[in-house]
Structure formats: C-alpha cells, structure tokens
Amino acid sequence: MAGEIAIELKGVRKAFDEVIAVHRFDVGIRKGEFFSLLGPSGCGKTTTLRMIAGLEEPTEGEILLEGRDVSRVPPYRRNVHTVFQDYALFPHMNVKRNVWFPLKMKGVSLADAKERIERVLRIVSMEGFERRLPQQLSGGQRQRVALARSLVDEPAALLLDEPLGALDFKLRVAMQKVLKDIQRKVGITFIYVTHDQTEALTMSDRIAVMKDGHVHQVGTPDEIYNSPATAFVASFIGDMNFLHGRLVSYDGMGCTVDVNGRTVKAARAACLLGDEARNAPGTDAAVKAGGDVLVCIRTERVQVNPPRETEHGIEGTVKRIVYRGTDYEATCAFADQEIRAVVSSVTWDPAVAVGSRVRIGFNAADVSIFPRSEESMIIQYSSEAV
Amino acid sequence: MKQRVSPPRAFLRGIPITVWMLVLVIGPLALTFLMSFYSTDGMQIISTLTLKNYALFFTDPLYVSVLAKSMIVALIIAVLSILTAYPLAYLVSFRLRRGKQLLFMLSIIPLWVSYLVRIIAWRTILGNKGVINSALLAIGAIREPLTFLLYNRFAIAITLTYICIPFVFIPVYTALEKIPRNILEASSDLGAGELRTFFTVVFPLSLPGLVTGFIFAFIIALGDYIIPIQLGGTQGIMFGNLIWNQFGFAFNWPLGAALGFILFGISVVVLTATSRFGTTEGGFLSE
Amino acid sequence: MGLKIYGALIFLFLYFPLAIVLIFSFSPTKTLVGMQGITLKWYEELFRDRGLLTAFLHTVLIGLGAVTIAIVLGVSGAFFVTRVHFPGKGVFRTLVLLPYILPGIIMGISLLIFIRNFGIKLSWFTVLLGHVSFTVPIVMFQIMSRIARMGPNYQSAAMDLGANPAQTFLYVTLPMIRTAIIGAALLAFTVSFDEIVISFFLTGSAWMTLPVYIYGMLRFGLSPKVYAISTIILGLSLILIIFMARYTGRSADVYRAGKKEAGEAA
C-alpha cells in the first residue's frame, strides 16, 4: 500500500452548542486504504465523515485533502464524494443522468461523458440500466448506482455512511464482498462508517473505534481484536470476559494479578501506565500495586477441561449451557465470579452438563488487563440490562 | 460560519416573504388596531385616541348580545358539521376497501365548488318558491309555503353547516387515516366489539383532528356575514353583519375596526387552542 | 349497515344543492315541479352579458397574477422557513397562515384600512393585493410540506457531488418541487377565483371580479342566468380539482426519501 497520505485530520473537534460530537481526532489515512469508523450510535463517526465531506464544519482543527487544507472549503469544491445511507439518487433523473451528474457539474457534456458512465456502471455491474428510474430499482441496485455516481469523476476518496444498513443479512454479506472488490479494483481510498464490528473487521485495512466522540483506538483489525487499547474496545469487538482482580506487580509489558486468591499472569498491560495516547475518558489513571483491575479473556480462548495443559486453570461449576450450532457457550461460576467459554461443537464434551465441576483453562498470552475504572465504558448486553 | 449556506446569504431568500408579511399582514392588522381607537363625526375620521368604541361594545347591549348569539349559532353549526362529517370520514376511512381515494375526492369537491354557488343553491331550496316548498305543495302536504325555512337563523345554520362540512371532513379524515390498523386488530383480538373499539380506541385517537375541524368550522361560521345577509333576513343578524355595516353607509370605520379586532382576538384565541389540542395546520394546506 | 345509509344520505345532502343548480340552469322556468324541457337560452344570455364576461376575464387575470406572485414569495419563503434557523419560527409561520385562516371580513377591513391610509384608490391593483394576501400561505405551506417529504439529503448529495448552491437549486431542488408548485398553483387559483369577501372590500365601483358581479346579480333575485353561470363555475372547479389531484398526493410519493424500499433483494 502506498505510504502517501490522502486524508489527514489534525486536532479535529466538533461541538454542536453544548454537545461535543467529536472531542479530538488525529489520523492520517493512506491513499488506497479501506479505513473504517466503527462505534455505537452517537459516537461521532457520521459527524466525522460529514466533516471530511464538507457537510459539517469542524469547530477546531484542520482537515487536509491530498495535502491541501480544506477545512473551510465547501463540499462542492472538495474532491471527495459521499454514498449516503438512503442513497439519495435523484428521483427525477434516470440512472444515466444520475451518474452523469458530477461530470455535468464539471462541465462535461452527456455525449463526452458517455464512455466514463458506461465504464463505471460496468464496475458496479449495472450496465444496461441506464434508462431506468430509481423507483424502478431494488435497494441493492440503487446502492450500486449511488456508488457508480460517486466514482465516475474519480474522486480522491469515497465516504460511505453505513451504506449496507438498510439491507437484509445475506444481501449485506454479499454486498460487503462487492464493495471490497470494487475498492481494490479501483484503488480508491474508502472511508467507511459502520456500527457493525464484523463488517469493519472483514473489510478494513484499519479501523478507528469511537465512543461518545472519543477515538479509543486506531489500528488494523488484528490490533483491534487482539490488542484492544481500552476496555470499551475490548468489549465492543468480539466477545470478552471481564473478571475482577487486583494488581500484584507490573513488569513493563505484562503483569501479575490476583483473581480471588489465584495468581494470574497477563501478557498485555501497557494501559496500566496511564498512557496519554489513549485519549478516552477514564483511561488516564494509572493503577498501582494493590489497585483494582479488569482481567479480560476472549471467550473463545477460554477452554473447558482442556486436553492439553494451559498456563492457568480454575476450578468452576457450570451454570448454563447454550447450544449455538457452530459452538457451545458455557457459563461457569467460581468464587463470586462468572466466566464464559465458547467451545467449538467439534471439541465439546457432551458429558459436561449444568452442575458439572469443570476445569477452566487459559493462557497468559490471552489475558489483557485494564484499570477497573474503565468498567463503565464497557458495552455488554445482558438480560438484566434490557 | 456554516458552509452549506452562509447565514447572510440564506436570509436573503426570506426577504420577499417578510416584506409581504409586513405589507399585507402585520401592517393592515396593526393599522386596524390603531383605527379602533379613533372615532368619527359622521363625515371624517378623527384620529385622537379614544376608548369609546370598545366602551360602546361593552355597554350597548346590542353588540354583546349579537356576539353571544353568533357564537352560539357558530357553536351549533360546528357541532352539526361534526355530526355529519365525522361519520362520513369514518365510513370512508374504515369501511371502504376500494374506491377510498374516489370517495375522498367526492367528499372534498363541495369544498372547492364556489361559495357563492352553494349559497345560491340553498336560497333556491329554502325559498317560498323554492324546491322544498314547491315539492311539498305539489304533493299537497302543505297548503301554503313554509316561511320558516328562509330568512332566519335556521337557514343560516343549514347553509353554513353545508359550507363547513368539508372543512371538518379533512382534518378528521386525516386523523382517522393515521390510526394504525393493527391497533384495531389488537383491540378486537383482546375482545372488544366494534362499538367498544370505536369509543375506547378510535375516537380518542381521532380527537386532535376533530378539535381542529371543530375550530375551523366555528371560526368560519362566526366570521361569515354574506350568508346572514343572503339568507338571514331581519332575524339573522350575526356579528359579521355588525362589522360589515360600519363600512357601509354608517361609515363608522373606527367602530368597525374595534369590532373587527374583537373578532380577531376571539379567532386567535380559538386558533391557539387548535395548536394545543388539535393537529398542526397541516390540515388542508399540506399534500 | 346503518352507518352506510347515513353516509349515503349525507352524500345526497352534499350533492343535492349542486344538482339543483345544475338542473335549474337548463330549465326554462324556475320551478322544479313544473319543468318543461331543457333549454340553453340562459347560457346564451350569459355570453351576451358584457359585464359578466368582463368580470370573468378580470377574475382570471387576478388569479393568474396573484398565483404567480404567490409562487415567487411562497417558494422562497418555504425554503427560508425550512432551511434557515432563526428564533420565533412558529410565530412567523402563524403570521403567514393568518390571511388564509382568519375570517375574510377581518382581512377585508384590515386591508381596506391599510390601503386607505396611504391614499391608494380602489382598483384592480388593490384587489390583486388582497388576493396575494391569501394565495401566498397556500403556496408556501404546500411547498413546505413537499420539502419536508423530500428531506435534506438530496441537496446535500448534490453539493457533495460538486453542485454549488445555484446549481443545486436549478438541477435538483426545483425539478423535485415542480409538481408541488403546479398543484399549489391550481389550488391557489381555485381559491382566488371564488373569493368574494376580500374582493368586495377592495374593489372599485367599476372594476369587478366574477364573484362580486354575481353577488350583484343576486340583488335582483335569482334569475336563471345565475344558475347558468353557477353551473359553469361548477364545471370549471371540477376540472381544476381533477388536475390538482393529479399533481399532489400519490404522484408526490416518489419523492419521499425511500428508506423502506432499500430492504428488498438486489
């Protein structure tokens, strides 16, 4: 991937009267990158996208497009286009004229534009639909036309605001592949807003995880998943256990914690330093020895009666088993805590039932530690909360 | 500074409408208010401020009694309009499968047919030589034409009700249409018959539309003066006539302005009630 | 069942008077019972009535004029109210609506007083002013309703794709409200055509609109000519309504920001 920066946000901040939609965003998005903005509703991802498009103006900070400061430049003079959630195809124009529109605004006649329109329609597999009106198209077709319209004049980047949000599941998965293919084929920078973590993980080169206007982490899918920077990221992506423990000692990279009297070593604990790079609220407090921490392990990394020896093991009782087709989710209790394990159906031992005493195993490499103060930012959906 | 449209430029498009508002709404109403404090000596308007017009209104029994009677008649008309328009709206909204659009149009058409034409029609029907009398005479039901039909409050009431029905129909119909049909299914699923469902579910939900319709009818009926002139005779003087007279031979514009402003005040108060309890002015000005 | 009968009765009640007018316009005598055949002679008399034809022309001209002005004021005003933020918007909207919902007599006397105050003589101009007062709210609110249904995304999309404000208005906004404008114009024209109260207050002695002229005719009783012109007005109103129905309502649904339809299979 070329190292050239296509879009850069420097200290971008957006406030609507008293409400701060985006606290501070610093990032450099590379040319040709598929960059996602991920987070729950209201986290500021759409606002950020609109600022890049020019539909909102940042309260502070700069937005640079290909090196040029466009913070005060109106949207029609920026070389980026948006694919809106409801596509916004002009209903009084047919497909051809809709796609022609950006070129028309640049002064290109319909005749001159013909070839480019046809080419871009072929890229989105909508050739032959030129004369149709938007009302006559299905949702997926409209989306592809909207995409074509935004690509036809070869902008520097494409901004997509939850474009697959209105589609049903199977169609959405299919369209994810289509979008990714087009992005790779055309080589254009994509900035993609979504609240669906699977979508972000499968499609993106890098992801910015946001909550309540704060950027918790910017990284590759692997980094986000396996090295979450805050408890929020840990909870929002994938399925994570959060146990309570106390810090015993910290040795630079990893640390040792005490969980209900058992000693557990953890591999990742850089957050305990109070790293200012994590600019989310509640993440600045460093934890000292004896302080409370969250002990986090991915549910798929927790083993029940592991065949091979694991670094750590806890005796527990099975409280609940849920069969999910591809796997089993077992909730086990030990001391005053609960831990969930997701075990593939292939390796599941049918002898394990509710009430069984089992051995829960996991390795230090799978354990992340966060300050206990970050517990409030966790997103967990339990039946009590509903 | 917004990027979409910079505020100075955006306000430009508000200039034409604001000018219009000043010249044709605020200006005239303000001057009328001012005029209501003037007086006349029969030939000219004297522009020294005085409260005597309003004083006259409150002291001379004629004005208050006519206003009171007019308001009662207007109330009755509003009620009659509802009794006719509401069932019709309910019928078209709930009981019809096909042809709903057509029936709706048919119910609305009288609204757009000329106001004068409708008055002419009713004069024809109610007169001594009118349709009703001719028919009854011809079949021998009566020996002499019924005189109570025309030139009194009864005639005013029927004609104004006729005028007001479409004004009630539209907001009521709109409100009824907005009621989600699955609520009715839920209601009957839980054991309520149609009548019960109506009183406990449909009617309360349609109330905003009903209030709006009622108020429109009331205002129209209260302010009308042409129908009283045409069909009211000597018995049918309404408040509108009193205002109207001041601008005719009586040439007491200040008094007319005062009376007009009183009517304006009542209308505004009543209309404020719509925005509180009724639907928004959408009514028949939105698509 | 009883409801359907009641409904039918109401319908009869609604259309009976109109039918009477229609029938009488073709009847040589004035009574229903003693009808003796159909005649067109009242219509012929209409066409010979110079005053009436002039009044008709006046009404059409006023209608066209008032509607044109209303479109300019109404469209600009509609966008002003829906897209620009300023305090007191609710009051503003109500003020715009006033000429339409207040009893005509209030507007009539107010405008009369206002005009006299500036020494302007009553003429076609004052009548036009009067009509502009109530046609503007009609157009503005209809357009506002369409703008609301349209949603702001089309304009955002246009600008995002490179259209400056002028281009956005010309190529995207205007075409999308085109049918709303036509529908509103028809509605406003119909209302203006029929308007009598304000016209009566603001008309000079010689220059009349059709409703004012007919009203004058009524002074002399109900001559059959009145039925003839009434029937013609009936017919015209019907045609206008049918056209209006075509341009508003269902045909406008295509402009609704279609989120629902997006869920269909590709």
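Which chain is which? They are A, B and C, in the order written, and residues in each are numbered from 1.
The rule is short, and it goes like this: a residue touches a chain if its C-beta (ideal position, glycine included) is under 8 Å from a C-beta of that chain, and two chains touch if they have at least 3 such contacts.
Just so it is clear, the structure is predicted and the values come from calculations on it, not from any experiment.
Once CA atoms are averaged chain by chain and compared with the all-protein CA average, the nearest chain turns out to be C.
Across A-C and B-C, it is B-C that has more C-beta pairs touching. Here the CA centre of subunit A is 58 Å from the CA centre of subunit B.
Averaging Cα coordinates per chain places subunit A and subunit C 54 Å apart.
Subunit B and subunit C, compared by their mean Cα positions, are separated by 17 Å. Counting partner chains per residue, subunit B has residues 4 touching two or more of them.
Contacts with at least two other chains are made by residues 54-55, 74-75 of subunit A. Among the residues of subunit C, those touching two or more other chains are numbered 156, 159. Interface of subunit C with subunit B (complex): residues 3-4, 6-7, 10-11, 13-18, 20-21, 24, 30-33, 72-74, 76-77, 79-81, 83-84, 86, 92-93, 95-107, 109-114, 117, 129, 132-133, 136-138, 140-142, 144-146, 149, 156, 159, 165, 180, 183, 190, 193-194, 196-197, 201, 211, 214-215, 218, 222, 226-227, 230, 233-234, 237-238, 240-241, 245, 248-250, 252.
Subunit A meets subunit C in the complex at residues 53-55, 74-76, 81-82, 84-88, 90-92, 101-102, 104-106, 134-135, 138-143, 149-150, 153, 166-168, 171, 174-175. The touching residues of subunit C, when paired with subunit A in their complex, are 153-154, 156-164, 167, 171-172, 175-176, 178, 254-255, 257-259, 261-266. Across the complex, subunit B meets subunit C through its residues 4-5, 7, 9-11, 13-14, 16-17, 20-21, 24-29, 31-32, 35, 84, 87-88, 90-92, 95, 101, 105-110, 112-118, 120-125, 127, 129, 131, 134-135, 138, 162, 165, 216, 219-220, 222-226, 230, 240, 243-244, 247, 253, 256-257, 260, 263-264, 267, 271, 281-282, 285-287.
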